[in-house]
Amino acid sequence: MKSTVTPIRSVVAESAPPALAIQTKDLAVHYGALCAVRGVSLQVPQQQITAIIGPSGCGKTSVLSSLNRLTDLIPGARVSGQILIDGADVLWPAYDPVALRRRVGKVFQKPNPFPLSIARNLDLPLRDQGVRNADERAGRIEAVLRRVGLWDEVAQRLDMPAQQLSGGQQQRLCIARALVLEPDILLMDEPCSALDPIASGVVEGLIEELRGDYTVVVVTHNLQQARRIADHLAVFWTSGDAGCLVEQGPAGAIFDSPKQAITAAYLDGRCC
Amino acid sequence: MPASASRLDPDRLLTGGLRLCAAFSAALLILVVIFLLLQAGPVLDAIGPWRLFADDGWFPADTAAAGQFSIVALLAGSGAVAFGATVLAAPLAIASAVFCRFVAPPRIGQLFRRMLEVLAGVPSVVFGFWGLVVLVPLINRWQPPGASVLAGALVLGLMILPTIALLADSALRSVPRATLSAAAALGLSRWRTALQVALPAARGGVVTGIILGVARAIGETMAVLMVCGNVVQVPASVFEPVRTLTANIALEMAYAYGDHRSALFLTGLVLTLLVIALVLVAELGRGANARRTAHG
Amino acid sequence: MLPIWRLLLVLSAVVLAACGNGQTTTTVTLTGSSTIGPVMTEVARRYEAANPTIRVDVQTGGSSRGIQDARTGLADIGMSSRALKPAEAEGANQHILARDGVAFLLHASNPVDSLSDDQLRDIYLGRISNWQQVGGKDAPITAISRANGRSELNIFQDYFDVAERQIKPDLIAGENQQGIKLVAGNPDAIIYMSIGTAETDQQAGVPIKLLPLAGVPASSQTVADGSFPMSRVLILVTRDDLAPAAKQVLDYALSPAVHDLIEAQAFVPAR
Amino acid sequence: MGDRLLAGVCWLAAGIVAGGFAWLLGDIVMNGLGQINLMYLLMPVADAGRAGGIGPVIVSTSLILVVCLSVSLPLGLATAIVLSEADDERWFGRLVRRSLDVLAGVPSIVFGLFGYAVFGLALGLGFSILSGGLTLACMVLPILIRSIEQGLRAVPIDIRHAAAALGMQRWRTLVAVLLPAAAPGVLVGVVLGIGRAAAETAALLFTSGYVARMPDSLLDSGRSLSVHIFDLALNVAGGEPRAYAAALVLIVALAVVNLTAISLSERLLSSRINPA
């Protein structure tokens, strides 16, 4: 079972550097001849919320996609460098991406439930992972729906097409779907940006509740949101033709006293 | 990750099986071409490819003299009828698609689309039958003998029209609503939106529809056999009868043997090559289009 | 690849055949002339009704095809609407099923009632192009010829002694009914066709009329008594090693028991 | 001004098309309707088609379609799956796609020649429902593949990514997610295939043959409805009224299949659309 202690941001910031869940070394992502991002050495502390921020087109999403090798699915995409998770380089060709993705879940910008019923959306991944016992699956589905606060809303209509849920409900279902496989790490690509403010608030609250149980990496455009939820911050910028990582560290420290002039300007909203 | 090795197996199997099926589907074309070549071999050996164009007419089974195998008139016939059908059908089809999407009240547009769908399902032999009994006598009263390039183009045009119209319609439908809203927000008239925003955006689908239509027009057999008059000649006007490559096969195959039969398979091969050329041209056009879009 | 396919197909075929029918039946296949096809289809139906263990399949193609198929063994019996050429007759037996004449047909409203052989020849060679030139009204002639391989074309060529390339037709018809419809829809058309077929259509009310040839009226009677000059035989073609079932079908088709069927198609049974 | 002009031109075009349609269909309905009754649909063919019904012809047509679909559907589905996932830059996907493009344009009569020699002669199936069905299967394969592939491609890429991000196995993603999502496209493909196959005449003349008897097995020759129409129209003296009747039956059957499938696929699609 995972730790139930909820670390407080300031405590983390002042204590010794925590253990790392993910560490990239000189990571670069190319699409054909185009270089999206290069020279990224990102550090993601365990069981904290790491926010990746930066202006559009600076490679945040590319980095996030590479972390569970979803870049494999993009024609022409090439990832170089190293991504260490538990000390193993996941970019190593023999590394099984399927096993990786079961440990490293992902929530997308736009809610993308399968065009199936609510229950089937959660049932399918469990079945696929070899959970044969129907009762066990039902139990885990209920647990995970409770966890994302959806159970009371949908318990009576689990057979309804998932795409008939509202946008916020769909996104929470997608989070539930990612969680039902009990991953260690959860990647979230601007999970609130396609939602209205109220739904966005609900999902944001949910992310905060995941703190401590999961290592969460969340890409966001919303600085206020990053300020509210992030323990750890990574700031990306476009320099020259490609994106790069300009600064990373405990969120409080960066928000209070950024080391780079670019970061300071960005956080103040003085540019772009 | 101990489970990963065994987990990969069903997927490997699936991928392999699927690829095998795909390879078979692709090989079908090669099979068809090889088989046509085999059957056309004897006459190709005997006369060589050039006499297909240099010979004195199409008399493959002439008992008096040696067979003559010129397919120039047949090619002209196929070309004339297919061209005529496309010229008649394409503008009407595109206008019909625009009608469905932009002009007609939704109910009528829906009804019209249903009608096109039914029309698309009418078998070609029915078109031919109708053309022979109704259309040909009508044209005959105006310009004898009636069975002609015009009759063929009209019947084929009506036949390929639903194909082009439905494909154009679905291409127009797939133009993102946001694009149309953007045009509307700019205060563009419906006319400009349809002609200058939606149609260019749907160009790919429209062109595909026309190409499919042309291919169908060239390949159609029964309808042209019934209404085109079947005289082997290069037509001097649209009122003259012609024989197409396909009608020629259907007319003579059952009666042919020896070199004649082999020559008919050769014309089948020519037809297939014609279609390959058409697809290549379409491909080049699409490529040029893509480049223009990329740069522009 | 191919043998596996074949195996599968044969296997499935066997299974399907097995569940389809427990009874053993023999199939006799006929191919060839589309002129004879309809007659033999009716003959086959009557024969099957009396002999449930024998099935008779009739496929129409063309005379040449029927002769070829019978000689190569693809069919048990070939159907041909012309006599065999010397090269074809080798190793093949021909049995006369019926006789038929080929006559010229006009639209019923055409005032022309007779044409001489020379006039007919000139019309088809393109030297006469208006009905006025042969005593009709002022209208262009639509001369309809028949497609290569049709026995009518061969008979026409033999009778007028012209080569295929000399014929300058305005239209070419393949099957009989295409020709009939072209004439029925065009008052100025002329075509040559099986008398039997034409008479059937005439009785069905199609507005066509048959021209006499060389002074002999075109009808089943003149064909039957042998006076009509442009006539042909409808024959069945077999090999020497005919299967017993096919032999029975052949004998039945040549027997008086089917004369009514042949006459129903307006052909003249061979006696 | 421009709007008026566009509307006028489009109404005119639609009018012309609808007029041609009404003319063609009206002619067939008027001449064919009187001939059709239940006995006509059930009775065996008599007097070369001038009398009796079309019972065996309907059975043969259905059997030919069943053979055609049971071969082409699995093959088409598999190929469409490969294509929908193939990267077009890779040679395999490109090769398959190009050859299918060409195959889609190959005239049906060429398929007829092919089927006659391959299934009829080389495989020894002769004139049979099996030969005809297999020939049609080759013919409709490209159409089937194209529309199934479109259906598969219309499934948003997000959904594939979602499945991949869950580490789902490929076959399960396909069977449980992609194919159900692509069902409308598959349905449209099948209907187009049925339509094309049922309307085909040229390719069947040399493969399934003319025999109008009730078939006992798939190895029997069987006359399809389209061949029956062709035969009545061009071979049988006085067959015209019955040709109209058979044409009407075929058109109505195809229209029913077509419209049912379209409304079904629209219902499938609309159940997926978020009402919010």
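Order of writing sets the labels: A, B, C and D. Residues in every chain begin at 1.
FYI, a residue touches a chain if its C-beta (ideal position, glycine included) is under 8 Å from a C-beta of that chain, and two chains touch if they have at least 3 such contacts.
Worth saying up front: this structure is predicted, and the values here are computed from it rather than measured.
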Q | Most centrally placed chain - per-chain CA mean versus overall CA mean | A | D
Q.
Using only Cα atoms to place each chain's centre, name the chain farthest from chain A.
A. C
Q: Would you mind pulling out the distance in Å between where the CA atoms of chain A average out and where those of chain C do?
A: 79
Q | Whole-Å separation of chain centres (CA-atom averages), chain B against chain C | A | 34
Q.
Nearest whole angstrom, what separates the Cα centre of chain B from the Cα centre of chain D?
A. 16
Q: Among the residues of chain D, pick out those that touch two or more other chains and give their numbers.
A: 169, 233-234, 240
Q. By residue number and range, which residues of chain B touch two or more other chains?
A. 7, 132-133, 226, 250, 254
Q: Send over the residues of chain C in touch with two or more other chains.
A: 34, 60, 174, 178, 181
Q | Touching residues on chain B, where the partner in the complex is chain D | A | 7, 10-11, 14-15, 17-19, 21-32, 35-36, 39, 91-92, 95-96, 98-99, 102-104, 112, 114-130, 132-134, 158, 161, 165, 189-192, 194-195, 212, 215, 218-222, 226, 246, 249-250, 253-254, 264-265, 268, 271-272, 275-276, 278-279, 282-283
Q. For chain A, which residues count as touching chain D in their complex?
A. 68, 70, 72-73, 75-76, 97-102, 105-106, 108, 110, 112-116, 120, 124-125, 127-129, 161, 163-167, 174, 177-178, 181
Q.
Touching residues of chain D toward chain B in the complex: what are they?
A. 2-3, 5-7, 9-14, 16-18, 20-21, 23-25, 27-28, 74-76, 78-79, 81-83, 92, 95-96, 98-111, 113-114, 117-118, 138, 141, 145, 169-171, 174, 195, 198-202, 205-206, 226, 229-230, 233-234, 240, 243, 247, 250-251, 254-255, 257-259, 262
Q. In the complex of these two chains, what residues of chain C are touching chain B?
A. 34, 60-65, 68, 139-140, 142, 147-150, 163-165, 169-174, 178, 181-182, 185-186, 188-189
(Q) With touch defined as at the start, can you tell me which chain D residues reach chain C in the complex? (A) 46-48, 123, 125-127, 130, 209-213, 216-221, 233-240
